[in-house]
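Comments concern the structure below.
Going in written order, the chains are labelled A, B, C and D, and every chain counts its residues from 1.
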Amino acid sequence: MNDAIIKQHVYEANMQLPKNNLVKLTWGNVSVIDRDKGIICIKPSGVPYSKMRPEDMVITDLDGKPFDNQLKPSSDLATHVYLYQHMDNVQSIVHTHSLHAVAYAQAGRDIPAYGTTHADTFYGPVPCTRSLTEAEVATDYELNTGKVIVETFEQRQINPAAIPAVIVNQHGPFIFGKSLKKAVEHTIILEEVAEMAMKSELLKQDMNEIDRFLLDKHYFRKHGATAYYGQ
Amino acid sequence: MNDAIIKQHVYEANMQLPKNNLVKLTWGNVSVIDRDKGIICIKPSGVPYSKMRPEDMVITDLDGKPFDNQLKPSSDLATHVYLYQHMDNVQSIVHTHSLHAVAYAQAGRDIPAYGTTHADTFYGPVPCTRSLTEAEVATDYELNTGKVIVETFEQRQINPAAIPAVIVNQHGPFIFGKSLKKAVEHTIILEEVAEMAMKSELLKQDMNEIDRFLLDKHYFRKHGATAYYGQ
Amino acid sequence: MNDAIIKQHVYEANMQLPKNNLVKLTWGNVSVIDRDKGIICIKPSGVPYSKMRPEDMVITDLDGKPFDNQLKPSSDLATHVYLYQHMDNVQSIVHTHSLHAVAYAQAGRDIPAYGTTHADTFYGPVPCTRSLTEAEVATDYELNTGKVIVETFEQRQINPAAIPAVIVNQHGPFIFGKSLKKAVEHTIILEEVAEMAMKSELLKQDMNEIDRFLLDKHYFRKHGATAYYGQ
Amino acid sequence: MNDAIIKQHVYEANMQLPKNNLVKLTWGNVSVIDRDKGIICIKPSGVPYSKMRPEDMVITDLDGKPFDNQLKPSSDLATHVYLYQHMDNVQSIVHTHSLHAVAYAQAGRDIPAYGTTHADTFYGPVPCTRSLTEAEVATDYELNTGKVIVETFEQRQINPAAIPAVIVNQHGPFIFGKSLKKAVEHTIILEEVAEMAMKSELLKQDMNEIDRFLLDKHYFRKHGATAYYGQ
């Protein structure tokens, strides 16, 4: 796959964010990695979706160094690079400021797994990171955002292949996938289950998480060797 | 009515779900039964609405066995089949993950009948089933989902012709109709009255259900021998 | 103005309801009265907006008796007729099941006047009627709906020209105007201020009503002899 | 830039308000000042967006006196004029009745800075003014609205360049920018962060404001000499 095709695919994935009402203005970004070719492709920084073109996407090496004669990459690139370096089974990353996922981030809360809609995609609560320290924000902020995400998955002993999203405290969600298509799908679903969770809490105090065996059933109905959903 | 026509009608009914913002991606499904011809027609499993075609709909016999050379039917087919077998006056079934109906499912609550909008279509609260047990989830999950729905209507002594929807605990709604058109209409209305009910509770603690005589008036204004609404 | 033109205007006003997301399916209705010509024109009963045509509108005399060879009028016609007979300055009436106005109806609450958006159109809280009694519902329900609305305005000593809307308890809003255009505008605004009021209450317990002098300022900036808003 | 071009730009900026669902009917207004040419250009009073044309925009001198043969300017013009006279770094002003910003206004509350979405644009909470007194409302209401806004920024020692919006108590937001484009962008963002803030509060009682160092990081990543966001 040559560069023009990768840029086209990354462009189309990015355009899904405003189309699905997950970002405003220039917010958010989608990237993909091709580990064999040794490249990452990501949205440029601060370009409005309405004016963005496929050729504006930025290609970098695996350390996030852009090749020559391109626009500046998303300011969140360093987060994406660190995540690709430490999450082998992630091939695409999305960052948004979608409304209900951000509300959970601002509240500093995990998105609880309350029902089968959540369980079909996320094998447990979507974790919220700790807040970054002043030192972590002052220097290498975007890199440290990647580090606190990896720390969260490691400390909780969860796998981004099984729970392909995280909420960065006071900030917003990062979403993962084994492909651009899957990462964008998970992004749409994350926002939907965040809204469902918030509204469930309005209907009942002291909500319970979904029964563990029902979580298992729905997750494994769609994922892994025993899956039987889809064609 | 030949198979191509049935598939076209089921396709059009399914396409109403994303159009009315009741599902995302591949979620949800609509089916119809023709008891005389001995067939059921349902949406295929895991096909995105944007790519679905009329000919992708799947026709099965009354036990849910697909005829040859078709896509795989919805993974919820066994639920539909069981419901058709035990609910004589239901000719069409819809399953969605619509936002406010799911919020009630996740909260494990009936959708209360708070006003005339509800009473025009649902002759009382829309019931929420008990949760399935671990054994019911482990084996024949989709069949047992059908069983717990029928159990709910039987134990509460209510009729799916009078209250054509149910909320499966921790999961989401199934909606009924005597035709594809009616089932889809009831699906749109269910989500609307669920949102109205949630917002009414935000405005007033300890909400009262609608007066019984007003429920009767509105329901029977539109249904049964004394109906006088419509042409 | 001949009948075809009146029907066209009433049709266009009715079509504003789904366009502005104030009704679903066949819900809601708009009517107009021409007291000089002795006619009322109203939406037919139970016709979906997507299939409705201008010629489907129904013309009646001032007692609500339809002229020959027309569709059946809205089942709420008797409410409209009673209101026209008892509210001299009302020339057009709208009934919807818009989401937030219905939530207030189901909660049995007035829509409080919390800010200038409300005051620009409604000179005080939008009143909620008492519930109808069993006897009032059993016989002449639609007529009695009109009566409880008039009773509400009389008992509270308010004028539908100044507060051109009312919430019928457990049911939904009726909205008034001196023209089709104004009645529809008031309908759009009612739903918006209802949502604003609900969300204000989520942000602050024990909300205060708008200062009386600010209510006066905004209302009279747009209405009456001293108005200076608009061209 | 001649008058026709300024009017075209102001027209286009105003049309962004209904397009982004920030106003209904005739609500809201956008203006721009050209201090060198000595003119202000603003939306006319009470003209529906659907019928508004570029040539309907109204040009005034720096005291808000319209040149001849034009429509009547927005009734809020006096507020705009006073703000331009007392805020040197503001070149464009927007007023809306957007839903969540109005809810904060009606609750008489600042919009708290809960996360990075807010911090990217607003360097701290968006202030809510005190209520106007009866005397301030009775005489020169629109002028006094401008005065209470300037008073708010002065008393809190904040700068409209750093926090380019304010909530007028019981009324709604005014938003600022160094250009039409920026003022409209800030308007879109204000409504989004207001909704995010409200929903965060639904998820957690006693919300904390964003860490000061994170507010600094995000604000200065996008603004000032050390900014590195965008091209």
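Simple rule for what comes next: a contact is a pair of C-beta atoms (placed from the backbone, for glycine too) under 8 Å apart; a residue touches a chain by one contact, two chains touch by 3 or more.
Predicted model, so just to flag it, every value in this text is computed and none were measured.
Participant: Looking at CA centres, what chain is most distant from subunit A?
Facilitator: Checked the centroid distances; the maximum from subunit A is C.
Participant: With a Cα-based fit, what is the angle in degrees between subunit A and its identical partner subunit D, given to the nearest 5?
Facilitator: 90
Participant: Counting only Cα atoms for the centres, state how far subunit B is from subunit C in Å.
Facilitator: Centre separation, subunit B to subunit C: 33 Å.
Participant: Taking each chain's centre as the mean of its CA atoms, how far is subunit A from subunit C in angstrom?
Facilitator: Chain centroid spacing, subunit A to subunit C, equals 46 Å.
Participant: Which subunit A residues reach two or more other chains?
Facilitator: 202
Participant: Can you list every touching chain pair?
Facilitator: Here the touching chain pairs work out to A-B, A-D, B-C, C-D.
Participant: Contact residues on subunit B for subunit C in the complex?
Facilitator: Interface residues on the subunit B side: 114-117, 185, 188-189, 192, 195-197, 199-200, 202-204, 207, 210-211, 213-214, 217, 221, 228-231.
Participant: With touch defined as at the start, can you tell me which subunit C residues reach subunit B in the complex?
Facilitator: 24-27, 44-47, 71-72, 75, 97, 99-100, 102-109, 131-132, 134, 137-138, 141, 170-172, 198, 201-202
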